[in-house]
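Heads up, the thing below is written out as structure tokens.
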Amino acid sequence: MSITEFNNLSKEKKETQLAACCGAAKWQKEMVTLLPFDDEDALLHSANNIWYNTCNEADWREAFTHHPRIGDLKSLTEKFASTKHLAGGEQASVNKASEETLTELAGANNEYEKKFGFIFIVCATGKSAEEMLRLLKDRLTNSISEELNIAMGEQAKITFLRLKKTLDKADWSGIKPSQLTTHVLDTSVGKPGKNITIRLKRLHDSLWQTYAQGVTNEDGRVAELLPPGKTLEPGNYKIVFETGSYFENQNLKGFYPEVEIQFTVFDDNHYHVPLLINPFGYSTYRGS
Amino acid sequence: MSITEFNNLSKEKKETQLAACCGAAKWQKEMVTLLPFDDEDALLHSANNIWYNTCNEADWREAFTHHPRIGDLKSLTEKFASTKHLAGGEQASVNKASEETLTELAGANNEYEKKFGFIFIVCATGKSAEEMLRLLKDRLTNSISEELNIAMGEQAKITFLRLKKTLDKADWSGIKPSQLTTHVLDTSVGKPGKNITIRLKRLHDSLWQTYAQGVTNEDGRVAELLPPGKTLEPGNYKIVFETGSYFENQNLKGFYPEVEIQFTVFDDNHYHVPLLINPFGYSTYRGS
Amino acid sequence: MSITEFNNLSKEKKETQLAACCGAAKWQKEMVTLLPFDDEDALLHSANNIWYNTCNEADWREAFTHHPRIGDLKSLTEKFASTKHLAGGEQASVNKASEETLTELAGANNEYEKKFGFIFIVCATGKSAEEMLRLLKDRLTNSISEELNIAMGEQAKITFLRLKKTLDKADWSGIKPSQLTTHVLDTSVGKPGKNITIRLKRLHDSLWQTYAQGVTNEDGRVAELLPPGKTLEPGNYKIVFETGSYFENQNLKGFYPEVEIQFTVFDDNHYHVPLLINPFGYSTYRGS
Amino acid sequence: MSITEFNNLSKEKKETQLAACCGAAKWQKEMVTLLPFDDEDALLHSANNIWYNTCNEADWREAFTHHPRIGDLKSLTEKFASTKHLAGGEQASVNKASEETLTELAGANNEYEKKFGFIFIVCATGKSAEEMLRLLKDRLTNSISEELNIAMGEQAKITFLRLKKTLDKADWSGIKPSQLTTHVLDTSVGKPGKNITIRLKRLHDSLWQTYAQGVTNEDGRVAELLPPGKTLEPGNYKIVFETGSYFENQNLKGFYPEVEIQFTVFDDNHYHVPLLINPFGYSTYRGS
């Protein structure tokens, strides 16, 4: 479907399509109100704006209820039949997961829901079940308000991917990817720094609160730390890299339990904040 | 006086000598109990150990009362006549301070005492009045428990210098200087990073608390961040450099409001944690 | 045309097509001998292999004669009519060049030909006339044997681009770009290091000889330092960055007249050798 | 002896004292001509100036003949009895060397003298026999003109140390140590980079010629790369670190066969050019 075709759908059909992208009723309603959209950029801008600025905690939590549990393929088929065509592909990797991983995922999901009061939300596309289990465990240590922020971001990424799938004839190539990117290189071996937990934090009531979270992939990067099209408010942020466990897992003695990099976001431009690490030294710079 | 001469003083004279070094009665009493000392190292080890581990908050606060206010030369002459021979030299630079600086110091001292309930303690030796004013203002932002730690450290440095002056025939050359050192180099100009506030923090009840504080000198170093002979408990620490104001003061746009370096102290060895900074990049490493 | 279509052309037509890509008769003949090609990779591999290993200096010089002078649009139209459809697009930017630049180019071309005995060859695609003038002047300082190497590399890049244009229905997406890449970031301003001359050198008879040369673009990169599909023999190489003139041009005092980075190529993998520079410090690492 | 006492010696005694410091007759004669010296600085300045600018190759070679072979204690006792009191202490470590090292030293000395036509000169003070053997072998690869430069520098260091011993009541504390220093830290282990051959080069007839050479010690430093009091002419220099063999000796794969750092000497100030190295990354900066 193209943007024009979407604009021309009946109100009912629009709502059905949008409902499959994000389960918050207010988000769907506000999106329909703003139609027609001139282009992909305008559509995504509205999608993010409504989600972050018009919706409130109740709406966010409502959206979360429309997702199956990560790893729970049965509920995906039965309970979430209406989004199965979208959510199924997202969790494709779960089919390849071992019984053990699925059991661990189920346990961690329970723990998560008990602590936070909502389901664990993660943009599953491209992630293995093991990776999601790692993320789930990592995120269990956050506070409720941190998790709400992170889950909102994950929902925004899912919404974007579903809008892309729905409007498959639109041209999404101009959409800016994550405004903030990072890259870890381990210069003691000349290889990417893999499987390192990364937290993006911002100051909230004089406390550094986690705002987005990820794990570095094979290339030492976190694919999408922020939802595409989402811009950070200018101000000071901090990226934290769990370098201690990275070296520990290799039985290496490292000097840096965590690397914290505070930096300033001046504007809407792209920010690349890489880390060159080795056991007893590190560097960072503003990349391009 | 040599160590042996000191050991051989009458109990009363020993107490007088020690009282001039540190005003806490418990510290003086315990020191006398442990006499005679084999050498300088043993003496300093006891001095630190009693101060940090046997004394308590009341003792620390008692010691602080025995110092004149920084910048208040009159009280130095009148109220603190018994330590004038030691304290006078320490505050030598105050004689050269402008009336304006002295007035500012008086005001900041008032503010400090009002907030913390004790006098501002700083190891004044080698510091200009302006430098001490800067430190005083910097430290006004700390919490009471942080200031208590910092003031204890400053008292320990003063005690050491006074013991050295008292036992002027002892050989202090084997005493290890600050276990932790740092050095800031600004690689955009190839010069030391001067006048940068530095905080050493440690985790206390899951919060990073400032434990020592200083300002980099002309050579980009903080002369004595920790009292000589004092060793940190193994664990994780953090040095924070106020790089934002450093570049701001030069009307330069910098990317890093603060540089925070977490690191692990494994043992009693010396730790050198330097910072190579420029407006859009920095490096650190374990130096030697 | 697809690979299959190309394979099925008459011998004569194949030769005509190949002659438009590279003017060395031996190269054309050997290429035809090796036909049919299974895929793009095999074709490019042969193209490079024949060019570098079967052809000799006479063949290389022959190929060079088939190019118009950079900036000489008249000769392009008249003398090189048979490759005009390919060469015209390559030199597209020359149409936008000022009279002054064209005059300078003509003068520098004369000087070049007088010194080296062959025409200045550069892969012009995507380069402005000013950029090519800069490269031409930079290369005037090389020795004849260095220039022969560099010109061969430029011819190989041109041949590749012309093969791509000729076989426009083939799928070239799998072809590896330059085996060696670099990237200059100026961390004193947080921006790419632009307009920096870069030389790749290798040891030849105990002397470091320039093997490829370029100038960093707006993003601090050299688009294609080596021809696509060409691999370096394992061994030691050196990249040299003209950092002295980079800072000089900005009226900045810099400590490093040149940055030379020696490194080892172990295998056919990609090598990324970036430079983080500021006036009084620099870093490099093996990137990914 | 103090400077004044030295100034007041008889001409003959002065000559004897100077002859024990440097064996070149012209140097001795010129030094005597310039007497009396105001202070240590003036004396050392003249010593260096005469050595580098008034003496010529014949004088340099003459001075070299006045040294015993490194490791040849017999010749030291017999042939060089007049400088035994000075040279003996310098080569003190040779007494502790194994028979094997002494045999190797003898062989390498032979090889050296055959290649260069003069004896191997090294400032032996503080160096173990093994260290000198290493230096001797390293220097065998140099050209004659490089070795002449290096040996001159070593003689100047020896002359300085002997002047210090002779004028033992003078105050040498104001003499500037080597104008150029370096320091290697291996950030993959957080330790100094030991036993790394370092060459200081300068451009001579468009070729980089080694001008001074050393091996890093336990602290990753070369004690005195240049003779105290000697200043480099402003211009471009290069330090080369043999990082390839450093990692090879540890059975580590390293990316950098050599690290070459070109830098500019602007004036008579001190230059510190450190290297932070790990197998796949390195940094340098102008230190302080």
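To keep things simple, chains are lettered A, B, C and D as they appear, and every chain counts its residues starting from 1.
The rule is simple: a contact is a pair of C-beta atoms (placed from the backbone, for glycine too) under 8 Å apart; a residue touches a chain by one contact, two chains touch by 3 or more.
It should be emphasised that the depicted structure is a prediction, and the values quoted were computed from it without experimental measurement.
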{"item": "Neighbouring chains common to chain A and chain D, by label", "value": "B, C"}
{"item": "Most widely separated chain from chain D, with each centre as the mean of CA atoms", "value": "A"}
{"item": "Classification of the chain C:chain D interface as same or different, half of numbers criterion", "value": "same"}
{"item": "Angle of rotation relating chain B to chain C [CA atoms, steps of 5 degrees]", "value": "180"}
{"item": "Centre distance in Å when chain B and chain C are each reduced to the mean of their C-alpha atoms", "value": "61"}
{"item": "Length of the line joining the C-alpha centres of chain A and chain B, rounded to whole Å", "value": "46"}
{"item": "CA centroid of chain B to CA centroid of chain D, Å", "value": "41"}
{"item": "Multi-chain contact residues (two or more partners), chain C", "value": "185, 187, 190-191, 255, 276, 280-281, 283, 285-286"}
{"item": "Interfacial residue positions of chain D with respect to chain C in the complex", "value": "236, 244, 253-264, 266, 280-286"}
{"item": "Chain C - residues contacting chain B, complex", "value": "185, 187-191, 255, 276, 278-281, 283"}
{"item": "Contact footprint of chain D on chain B as seen in their complex", "value": "185, 187, 190-192, 219-220, 276, 283, 285-288"}
